[in-house]
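Below are the C-alpha cells for one structure; questions will follow.
Note that the chains are named A, B, C and D in the order they appear, and that numbering of residues resets to 1 at the start of each chain.
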Amino acid sequence: MSDQNTEALEPITGIEVPVYLDYNFTAGRATARFLTGVKNGKLLGQRCPSCRNVYIPPRGCCAACGVATEEEVELSNKATVESFTIVHIPIPGNPIKPPYVIANLVPDGANISFLHVLSECKNEDVRIGMRVEALWKDASEWDYAMENIQYFRPIDEPDMEVEEIGRLKDA
Amino acid sequence: MRDIAIVSFVQSDCVRDAGAQNEVELIMPVLRKALDAAGIQSAQDVDFTCSGSCDYLQGAAFAFVSGVDPLGAVPPIKESHVEMDAAWALYEAVLKITMGQAESALVYGFGKSSPGELPIVLSQQLDPYYMAPLWLDSISTAALQARTMLDNGDITEKDMAEVVARSRKNAKSNPHAQLKGDVSVDELLAEPTYLSPLRKHDCCPVSDGACAMVVATVEKAKEWGKPYAVLKGIDHRIESHNFGARDLTQSPSTQAAAKSAGVANGPVEVAEIYAPFSHQEIILKRALGLGDDTVVNPSGGVLAGNLMMASGLSRIGEVAMRIIRGDIKRGIAHATSGHALQQNLVAVLEEA
Amino acid sequence: MADLAAVVGIGQTKYQTKRKDVSIAGLVREAAFNALTDAGLTWDDIDAVVVGKAPDMFEGGIMPELYLTDALGCNGKPMLRVHTAGSVGGSTAIVAASYVQSGMFKRVLTVTYEKQSESNAMWALSNAQPFSPHLNAGAGGFFAPIIREYMRRTNAPYDVGIKVATKDRLHGARNPLAHLQLPNITLKEVEDSPMLWEPLRFLESCPSSDGACALVISNEELAAQSPKKPAWIRGAAMRSEPTMYAGREQVNPQAGIDCAKDVYKQAGITDPRKDLDCAEIYVPFSWYEPMWLENLGFADVGQGWKLTMEGATSLDEKGDIPWNCSGGVLSSNPIGASGMIRFAEAARQVRGDAGDHQVDGAKLAMGHAYGGGAQFFAMWVVGSEKA
Amino acid sequence: MSASAEVLSQAFTLGYTYTRSTGPVVGRFLTALRDRKIVGIKGSDGKVIVPPMEWDPVTAEALSDFVDLPDTGVVKSWAWVKHPRGKHPLDKPFAWAQIQFDGADIPMIHCVDAGDESAMKAGMRVKVRWAEETIGSINDIACFDPA
C-alpha cells in the first residue's frame, strides 16, 4: 500500500469478494438432547432399537440400520482409546498448544468412538486400548459444547483388549 | 430411454420452519413411507439411490453426507448425489435403469431453507464477479422478468393474480400445502406490491421439508405387484447465464425439453409446473404448449409451498400419484433451477 | 445391457497452488477445451455436459454450473451437477458415461474442478456451524488414527508412508502437469519434513491445488471416428456407506471392497495385480497406498505394505503394478477434480498417451476415487480394447 | 421444560473473503471500472455485451474484441425494491434494472437510485454514479442516476 499511484496503474487481475451469509441454526433433536446432557455434565448416548448398539454423539438414527434412535443411555466418564494421532499443528480457535493427542474414544457403554483431546500423559505413552476418563471443566463454565470436557486423562486400569473396544453391549 | 415405473411417492408437509428437525430427521419419515408404499424394507432393496440437496441452504458443507444415515446403507449401497433439485437425481436414476445397471431406484430430495435468508442465499448462484457481489436476490431477478412481460403486454397483473388464486384454491385439497384458501383476484390485486411488479403472493413461500420416490423397471414393478405410473419421457436443458442475452419472456429450454420428452405425443390432462413466481407459470404453460384443457398445478404448485431441492421431484410425484390413483391417464411435470428459469426439466407420465 | 462407451478426449490444466491468470470459468473452460481439442471436436459436437466439484463453499458460489453454462458451450443443452464429496471426480465421470451407456446420448463432455486458492476452505469454513458435537481436527486428524490402527494390525515398518510419498513425487516429476515437481526428492527429505498428524508428515500429505480435468465420452460408433485411440470403459461402479456406525471397519472399508469387486466383475478381472497394467488410486495421504492395495485386492490383508516396500508400485523400480504414475493426489490435489484426474490418467495409459509416465504396453488400467470419511467410492476400469 | 424438549438455536455467519483471480476479460472490465470507464465486448454476431462475457453465449467462442462505451444508457426493465435487504447496494428504496449502455446490445443488471417508483419506466435514460473510491469491482458503480 506504500505506493498507491504505481499500484493504480496495474491492471486488475484479482479481487477480494466477501461472501458472508447469516443463518440462524437450530440443532437437530438428537444433537440438542445430547448437548443438553453435556450442559448438565452428562454424556447421553442413544441405543438403536434394532442392533442395540449405543451411539455417541447420537445423530437421530442408527446409520447401519437406518432406524430412528430414541432410547437414551447415560454413559460413563470412562473411555477406551480406540486409536489416536499426535497433532503438531494448532486447531483454529482452540487454545491447546501442539503437539497434543487427539484420540478416538469409546466411552464405556457405547459402541462408537468420538474424537477428543487426551492429556496428562506423555504423548509417546498413549496406546490403543488405554483406559482414560473425562476431566470436566468447572460446572460454572458448562455450555452446550463438548469443550465442557477439558480433556481425557489416563486412569490406572489395565488396557482393554483391542478386539473388545466398542464391541461390548448390554443385553 | 426405456419406460420407468414410478411406484411410490411421498412428500412431507411444507412448513415455514422445521425447527429442531435436522436433515436426517426430515428425510427419515418420507423415506420410510415411500419404501413402505413400494412394499420394500430399505435402500438395500433397490439397486440405486440418488439424492438432491444444496449445502448453502442451511449453511453446512456436505449436507448430503448425513443424508446417507437414514438409508441403512450397511452393507454398502450404490448411491449418488446431485447438487440440484432431486428431479435431476431422478434423471440420474433413469440413466442407470435405462443402461441396465439397475432395476429399481430410490430418489429423494431435501431442503431446510429456513435457517438462512433464502433469496439472499440464492443471490450467490449468480456470476461471482458481475452479479453475486451486488447481492441480486432471486425475487428481484424474477421481478425484472415479470416487468418485461407486463411492459410487452404478454401478461397483465390480473393474469398473475389468477394464477395465485387458483393455486390457493387448489391447495385446499393438498394436505402438505403451506398456503391455501379461497381468495379472489380482486382481493389479491388490492394487496400492495412487495417487489414491484410482484406482490408477496406472486412469490413462493420458504418451506422446509423432503420428498422421496421409488422407481423401477416396469417388469420389476409388476413383480412387486404394486400399481405404478409410467415415466415415458424426461429431458432437461439449460440456457445462458446472461439474463440480457436471454429473452426472459420465453423459456426455450423448457420448450426443447418438452419436445424431446414427448409432451405433444398425447393429451395432457394435468401439468404440475415448478413456477416459483406467478408469471413464470404463464411462461412455462406457453413453452410446454398447454391449452385450456390442461389442469395446471392441481396441488397448488410451489406457490403453495416450495421445498427447495425437492419441489421438482414433488411435481413429478404429484402427477404420478394422480395416475396411480386412477384420476388421470396422462400428465406432465416440470422442474426448474437457477434464477428466472435458467434451467428446466420436463417429464411425461402415463398410466400403465 | 449397457451400450459401449469410450473416452475419446482428455483435457487437463496444469495443476498449481494458484492459477492467478484465469477466472473460475477460465480454469474450467481450459480443461474442457483441451479435451475437445484432444478429441478433434468442437462445442457443437457435444450433446450434454456433466459438471462435478466438491463443496460449493470452496469458491463461494452456489451451484456454479449455472454460471459455467456459457464457458462450456452448454446453452440449450442438458447440464447436470454431481457432488459426492472427495469421490466426486470419479462419480462425475461415471454419471457422464451413463449418459452414453444408456443409449440416450452419443457424446458428452464432463468436467470437474476446484479453484482452492479462492479460499482456505479447509480451515476457514469448517468451524462455522454452532452446536457441533464434534471436535474438529481437520482431515488429517480424522485419517491419522485410522492409519495408526493399520500400522498396529500389520506391524508395518514406520517408513512405508515415506516410501509412498517419495515414489509418487518421483512419478509426478515425469508428469509436466503435476503440481509438485520434486525430481530430486529423497526418503530422508520426506522423513525430515515436519510432522503434522503423527504418523503423517508434511510431505506425506497432498498439496492444495487449482485445476480442472475434462473428458469427452462417446458411443461406439463415434469412438470409431475419433482421431486418437479411444479408452474403452470396461467397468464402472460406485458404493457408499455411512460415515459413522457402530462396528464400522474404517481401515478396510466394506464399500471399497464391494466397489472393487463390482468393477472387476464387469471388466472380467480376477486378479487385479496380474490383470491390470497400472492403476491410478486416490492416495491423499501416503499410508493409503498400502491400505488400498489390500482394500482393492492387489494384496492380501496385512500384506499391502510389502508391495510398496518391494517397489511393486513404482515405475522407477520397474514394479509389476505401478500405482499413480502421474504422481497421484500426493502430487496434485484440486479436490473436486482429483478423482477425475485418476480416471483420466488411467485412460491416458491405455491410449498409450501418458508421455514420460507411460507404462509400456498398458492395455488395462483402473481409476479410483474416494471421499467423505472413506465412505464414498467410485472406480472404473478402462482398456485399449473393447473387451 | 424438560431436557428433551430443549431447542438450541443460534445465529452464525458462514463466510469468507474469497480471493478471486479475474482472468483477462473480467479483469479488463474491472480495470476500466476502477478508471471510471465502461468497456464492453463484441459477441460472435457483433453485438456488444456489457459486462463483457468471456465466451459467446451462442457459439461458445472465446471473445476478445473490446469496445469502449460511455457511462450512460437506457433502462430496459426494472423492479422496485420497497424494502431493501441488509446486503443490497442501497439502503433506501431503489430499482433493480436491466440497463443497456449506449452503444451496447445486451443489457446488464445494476441498481437505479430513482427516489420513487413513479420515476421509473422502461426507456428512461440513466447515467453511472461512480463510487467515491473505485477499486476494480462491480460495486465501483455505486448505482445509476436518472439522466
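Criterion: contacts are C-beta pairs under 8 Å (C-beta built on N, C-alpha and C of every residue); 3 or more make two chains touch, one makes a residue touch a chain.
Worth saying up front: this structure is predicted, and the values here are computed from it rather than measured.
Counting hops only between chains that touch, subunit C reaches subunit D in a minimum of 1. Contact with both subunit B and subunit D is made by A, C. Interface comparison, A-C against A-B: more C-beta pairs in contact at A-C.
With centres computed as the average of Cα coordinates, no chain lies farther from subunit A than D. Subunit A and subunit C have CA centres that are 30 Å apart. Work out the mean CA point of subunit A and of subunit B, and you get 38 Å between them.
Subunit D has its Cα centroid 44 Å from the Cα centroid of subunit A.
Measuring from the averaged C-alpha position of subunit B to that of subunit C gives a distance of 33 Å.
Looking at subunit C, one finds that residues 20-21, 23-24, 57, 59-60, 70, 75, 125-126, 128-131, 242-243, 245, 248 touch two or more other chains. Contacts with at least two other chains are made by residues 13-15, 17, 19, 21-27, 31-32, 35, 59, 63-64, 144 of subunit A. For subunit D, residues that reach two or more other chains under the stated contact definition are 7-8, 10, 12-16, 18-22, 26, 30, 53, 57-58, 137.
Taken chain by chain, the contacts link every pair, so each chain touches all the others.
Per the touch definition, subunit D reaches subunit C in the complex via residues 8, 10, 12-16, 18-26, 53-60. Listing the residues of subunit D that touch subunit A in their complex gives 3-4, 6-22, 27-28, 30-31, 34, 136-137.
On the side of subunit C, the complex with subunit D involves touching residues 18-26, 29, 43, 57, 59-60, 70-73, 75, 117-121, 124-125, 128-131.
Of all the residues in subunit A, the ones that touch subunit D in their complex are 8, 11-27, 31-33, 35-37, 40, 72, 144. Across the complex, subunit C meets subunit B through its residues 1-3, 23-24, 55-57, 59-64, 66-70, 74-85, 91, 95, 98-99, 101-104, 125-126, 128-129, 237-243, 245, 248, 253-255, 258-259, 372, 375-376.
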